[in-house]
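As written, the chain order gives the labels A, B, C and D, with residue 1 at the start of each chain.
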Amino acid sequence: MTQDLLTIAGKSFSSRLFLGSAGYPNQQVFLDSLAASGAEVLTVSVRRADLTGYGEGLLDLVAGKVWLLPNTAGCATVKDAVLTAQLAREAMGTDWVKLELIGDRETLYPDVEQLLKAADTLVRDGFTVLPYCTDDPVVCQRLADVGCAAVMPLGAPIGTGLGILNPYNIELICSRSPVPVVLDAGIGTASDAALAMELGCDAVLLNTAVSRSTDPVRMAAAMRTGVEGGRLARLAGRIPKRTRAEASSPELGLIGG
Amino acid sequence: MTQDLLTIAGKSFSSRLFLGSAGYPNQQVFLDSLAASGAEVLTVSVRRADLTGYGEGLLDLVAGKVWLLPNTAGCATVKDAVLTAQLAREAMGTDWVKLELIGDRETLYPDVEQLLKAADTLVRDGFTVLPYCTDDPVVCQRLADVGCAAVMPLGAPIGTGLGILNPYNIELICSRSPVPVVLDAGIGTASDAALAMELGCDAVLLNTAVSRSTDPVRMAAAMRTGVEGGRLARLAGRIPKRTRAEASSPELGLIGG
Amino acid sequence: MTQDLLTIAGKSFSSRLFLGSAGYPNQQVFLDSLAASGAEVLTVSVRRADLTGYGEGLLDLVAGKVWLLPNTAGCATVKDAVLTAQLAREAMGTDWVKLELIGDRETLYPDVEQLLKAADTLVRDGFTVLPYCTDDPVVCQRLADVGCAAVMPLGAPIGTGLGILNPYNIELICSRSPVPVVLDAGIGTASDAALAMELGCDAVLLNTAVSRSTDPVRMAAAMRTGVEGGRLARLAGRIPKRTRAEASSPELGLIGG
Amino acid sequence: MTQDLLTIAGKSFSSRLFLGSAGYPNQQVFLDSLAASGAEVLTVSVRRADLTGYGEGLLDLVAGKVWLLPNTAGCATVKDAVLTAQLAREAMGTDWVKLELIGDRETLYPDVEQLLKAADTLVRDGFTVLPYCTDDPVVCQRLADVGCAAVMPLGAPIGTGLGILNPYNIELICSRSPVPVVLDAGIGTASDAALAMELGCDAVLLNTAVSRSTDPVRMAAAMRTGVEGGRLARLAGRIPKRTRAEASSPELGLIGG
């Protein structure tokens, strides 16, 4: 079997699980979880990176081990998001950015109108932009049109663990997207991650589902496995759903039949 | 991490995926799928075992590699099921039996009333009985009461690939069962298998979802991975589902905030 | 439009909503809810009927207004259920009985093995038997085979309000049943009742969803309306589900197009 | 019970079902369906109104009986949508408009970025704007912010009959919207319409589910009833969903117990 790589903006990864760095009980659990997840992409909020999360320099600890993806978490205006991305580029030496532009403090839902403007601005400024967006196929298309390197539709609101609320839309987006689709937000457990891959997603980003689980290191392994299983199932070509039963064992010539 | 073994009737397995042996394109694909699945338990219909499936002796090929679990597929009466189990014991040298007693040729749904009688008879005759049953918590309890070594509730009708139609009942059964619960029938893809484990099942049995997929060997690997991911997630303790968003990244002190 | 009657055991009803009589805040709310529901069949537990529920003779109050359907709620053995049915027949002058035979005090799930025996006994004793059963198509068939006048599969456990946990099975049962199918238990709101009818049920029985709602009289009206809407939709023949959008308004020749 | 009116932009309606006028087998079926639906709001595409649909003047036939809501179906740019609305205002004498601005010809999904611009323009031009939009709570809030009189989130793509793909988002939108929420698109049957109302929608707009059903007149009655049942259930306050069974009939002191 040839290697099944994920390629975004010319950079290839063998893992299809992206991990967030927030909310772990302590630094060691985070590092062990990261290792168990097999993730090669790590999202960090610019503020945490500045403040050297977990009492030490998070960035130093993971340097060279993972691809850092700074995010603009908490930004609510185009100006803030663009400025945050620019500071991240300077501080962290990467032009990749996970663009978050929140439209509502309570639901943390993206503001897609502002998101499109910020994405356009950042792409023109040379960034590799991965926007966190709604599960709206037209918004995803527009984000690709302005030059985003991937789209990151949500499965459910951040931190809820509700899974994929609208699998129809996620599958629709995947079937049409000219750029990789990374499911972001809402994942609660391994079967959610597997389902995302089966619907056609190219990768899954999650954070809370690992960091706030009872045993983050084991859940990180679970998510790694779920993503791999879902990806394999997608490639293997599942049986169609039938509404009628079909015997797997032959029914003719049964003993005593 | 200590090894996470499944124990049924005193016999331990490190794999929690049981595989069926029917419907593969050819013998080599079957053997490769079996290897890729990591399954240690293989179900075979007595008729196929007799007829040396795939043109050669299936039993010889897998002898010593897997634990054989003969099934009574297609039996529709207590008498036929008991007779079939007895023939299997004689021919295959095992007192384990997957007891199938079909109540309806079209849906292949179990007849739980007859199933209870056949299970009772076979247990008294010294068999280790694993009955294929409905997702009815009282039936599962009664089957355990008569001495079955495990219960095997269906997720959906055989061969449909519809997944787990009633997760509530499966979770209820798992939370109360005094014997291992093996989800049997209905699985279509890796996320279904993962979900079964997350609901508390001890193992998953499947056949069609692998044998009739486009690439059975790869799907066997997908199912192995899905089962492992679901089991890990179960053990890791998932986050609760919330109806409100919760930020994973800190929101205070944002740049420009 | 000719009248759309429900006929069970030769008796016809114009309402397809059956109501339970337990758990109302007081007698007046119960009577008003009954009127608002339009129900023509009222289930009563034999014990309540004996004890003249709500401080007065419930049976006197509704005499002649509704068809009484005594139930054997709480019975856990064939003997108890049969005895209870016989007492009801003597006390209430009806040979109709809603047969409940509980297999588990916690989930109130039916014990289908005992249920089949009790149903058979009561049918032979001249009763018109409507058994509360699981959503198992084979059990429903067996109950019809022994002469039950209708089958009453559950949507979800009693009192949970979870709706119809397994619509696939309910639809399957309805498509094959030789006797009327009355969905019993689990209904939480009007759309659940409508869905039951759309799946092919002939009627819906509910109690808690009305009696424990904030405004039982209004909820009784809601359930009446939901059942009627679902029945009309079933008869009208819904559009098939499509996976692709289809314009309702014409798209050619648009202004400015 | 005081009358439960729906008020949009100062105009009150006693029906909460809006009907579309496209795709009926013939004019008489349309008129009979309209009557059976009880709808007081009728959407018409401007093009059809011009061309006097169904061989005669549709507008003349329904004049004075219903409130006409011209739509901009098929428009794909702000300019087209605004022009179409203006032509409708002139031709039909109403400043109400159902604003449709399609972002994709295949899925007929709205383009929310352009929709917000068109809505803003039309509100400033004195229109009463009811925009067809995604189930995005931030977009709905922004549409209300620019002065729309209601929001019309989709349940599923137009004409699919898939029902409400994301009930979570619809409920979220309803719980926060400062203007009435009219569910638009995706409804397939009466239980879907009831569910929309139970989630908190103020009204439901549908077309294909009636016009393309086997018996449109009866389905129109079904939808009317479904909407009424769902509204009543919402007002009545449903029981909470429980994960454990709760007896409706008393269990103590049973006969033979």
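By our rule, a residue touches a chain if its C-beta (ideal position, glycine included) is under 8 Å from a C-beta of that chain, and two chains touch if they have at least 3 such contacts.
For each chain, UniProt lists the protein as follows: A, B, C, D = Thiazole synthase.
On a predicted model such as this, the values are computed, not experimentally measured, just so you know.
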Problem set entry | When chain B is superposed on chain D by its C-alpha atoms, the rotation angle in degrees, nearest 5 | 180
Seminar exercise, completed: Cα centroid separation, chain A vs chain C, in Å, comes to 46
Exercise. Roughly how far is chain A from chain B, going centre to centre by Cα mean, in whole Å?
Worked result: 31
For this session: Using mean C-alpha positions as chain centres, tell me how far chain A is from chain D in Å, no decimals.
Result: 34
Exercise. Which residue numbers or ranges of chain D touch two or more of the other chains?
Worked result: 107, 109, 162, 168, 243
For this session: Take each protein chain as a node, join two nodes whenever their chains touch, and name the resulting shape: line, ring, star, complete or other.
Result: ring
Problem set entry | Pairs of chains, among all present, that meet the touch criterion | A-B, A-D, B-C, C-D
Problem set entry | Residues of chain D that touch chain A when the two form their complex | 103-104, 107, 109-113, 116, 134, 136-139, 141-142, 156, 162, 165-166, 168-169, 172
Seminar exercise, completed: Note: in the complex, chain A contacts chain B through residues 1, 20, 22-23, 45-48, 71, 73-75, 77, 79-80, 83-84, 87, 105-109, 157-162, 188-195, 198, 207-209, 211-216, 218-219, 221-226, 228-233, 235-251, 253-257
